[in-house]
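Contents: one structure, followed by commentary.
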Amino acid sequence: MTPTLFVIPLWADLLAVGIGALQGALFAAQFRDRRLDLLGVAIIGIATGFGGGLLRDILLGELPAALQSNWYLPVATLAALLGMLLQRVLTRLSALITVLDALTIGLFGAIGTTKALAMGVPPVPAVFVGALSAVGGSILRDLLLTLPIAIMQVGSLYAIAALAGAGTLVGLAALGVNVLVAAVVCVVVTFGVRVLAVLFKWSLPEQRHIQRIPTLRRRAR
Amino acid sequence: MTPTLFVIPLWADLLAVGIGALQGALFAAQFRDRRLDLLGVAIIGIATGFGGGLLRDILLGELPAALQSNWYLPVATLAALLGMLLQRVLTRLSALITVLDALTIGLFGAIGTTKALAMGVPPVPAVFVGALSAVGGSILRDLLLTLPIAIMQVGSLYAIAALAGAGTLVGLAALGVNVLVAAVVCVVVTFGVRVLAVLFKWSLPEQRHIQRIPTLRRRAR
Amino acid sequence: MTPTLFVIPLWADLLAVGIGALQGALFAAQFRDRRLDLLGVAIIGIATGFGGGLLRDILLGELPAALQSNWYLPVATLAALLGMLLQRVLTRLSALITVLDALTIGLFGAIGTTKALAMGVPPVPAVFVGALSAVGGSILRDLLLTLPIAIMQVGSLYAIAALAGAGTLVGLAALGVNVLVAAVVCVVVTFGVRVLAVLFKWSLPEQRHIQRIPTLRRRAR
């Protein structure tokens, strides 16, 4: 059972990179104290847009996809500058952007997970690689802005959505389901978990510890 | 003289990863202002537990060991969550944890150094790769928590212990000593330097500069 | 048109690494609150001196050049410690260091760009790899010091100089110009843009956004 790769058309991949880059620039715009110049905005866009794919390919020992085509860098740069310029309008469309972004992490997760499986990575680390492909861009963005990494903090199940999607894909692939079908289910699951979490403000509990050992049931607030 | 790899049994490697992850979670628990959720704690655990091995394999161009088995990720995740829950008890056992951790960096250093030598890396960079394998987890941990990198600051010879161990291993290997013996000596040296440094509060001097050039002997406080 | 590699003699490469490491240590010396010890200074020097080459080779899937020779690590370490000790004198020579550094990023950019082209990377990502080779050391330095990444902020066209040089090289190579000639032009362009930017205080505009959409000509201050 070596699943074939789930490959999406270049335009769809570029669209996803563009959405990521645009969002990265919008995010960076909040931090005027960082005194980013135009190049700084472009770098944040590039890092957010294809950082996940970069980390995926570095872990898997492949030449990163974004370095194999002339399209990724200009698309990410233009999307980032557009995001910067149209910041006022776009913040009003934040619902639309959240929806598009949920689709984007679903796609990146599906691509990353199937790529890992196709290279013979076992199921559990394949889920890890898939989820990292999905959220790696936002990790790189936060590192470059020296901000606390958003996906590690209490929030709306961003990485959990990616993990759920990647886990579903790996499970279905293990059951022999066609990889294309499994990938589509992965996108749907990721998208669903993320959008529902935002709508209903679902989040994981904050880190806590057992207050007293004898009575294991009592916990710290 | 191409030394064979120093391979430790999977359970010992997983134990070392688990101790690293547990320690990472304990460390992160101090920073409640970061508002880490459960996933955040797991990520810190994973990064601390096998970050060193990850950096080692990325530098050497290998598929990371942690991605070749289903065991690493669950072990690191569970150890991190355990560390979080049992924080109260474990901080009382800090002496034990320091000792186990000194053993862990010794093991990671020995594995990393012999792996680099076996791949034909020359002696000096092999020491570098070995030491990075040992302390890379704590570097990643600090980067993800956006904290100053602990091993670069005045403290108890954490990285120096790893460098001493890796250097000894490379020296012995160059003298033709059996790699298994050299690796054991590496673990002993790393462990000894680290534990003695903690006991006797040894540390490297802080960065300083020559105050006046003519009298090279006078230094800044 | 597969251009041959632009290889510089080892001593020139080591000189460039040394200048980078020395500069990194001088930079780190400003942050006494970080309480760096001697090893911390060495790590900053190593990261600044060959961080760009490391990122380049990781992206291209090569064993990093700095791990293939015994020379890079001692040179970077010694240069960093020298930079730390002689800080007082060297800050008075800051004009000289800026000039040497401009030459260094030109060289690193030329090496990185031709290496990417020689490995079949298309023109646009080759420019990216080249520029990252040139400025990657300063990115790693800032990450390790948990400082805002300097090249993303308003300043004197450091990364832009590298991009201009790498872009020129790729353009000339596409026109069939001999790669050695193109590499020399790359160094000259990078050097020129950087030095002129420092002299005349050129910089990119800070990030901004369109204030009102109907009248596209009015912009935020």
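Every chain is named by a letter (A, B and C) in the order it is written, and numbering of its residues begins at 1.
By our rule, a residue touches a chain if its C-beta (ideal position, glycine included) is under 8 Å from a C-beta of that chain, and two chains touch if they have at least 3 such contacts.
Remember, it's a predicted structure, so these values are computed and weren't measured experimentally.
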Quiz item: How many degrees of rotation map chain B onto its copy chain C on CA atoms, rounded to the nearest 5?
Solution: 120
Exercise. Determine whether chain A and chain B, two copies of the same sequence, contact each other through the same residue numbers or different ones, counting it as same when over half of the numbers at the interface appear on both sides.
Key: different
Quiz item: Whole-Å distance, chain A centre to chain B centre, using C-alpha means?
Solution: 29
Practice problem: Could you tell me which residues belong to chain B and also touch two or more other chains? | Solution: 58, 61, 143, 146
Self-check item: Residues on chain B engaged by chain A in the complex (per definition of touch)
Solution: 28-29, 32, 34-41, 43-44, 54, 58, 61-64, 66-74, 84-89, 143-146
Quiz item: Which positions of chain B touch chain C when the two form their complex?
Solution: 58-61, 116, 119, 121-125, 128-129, 143, 146-149, 151-155, 159-160, 203-213
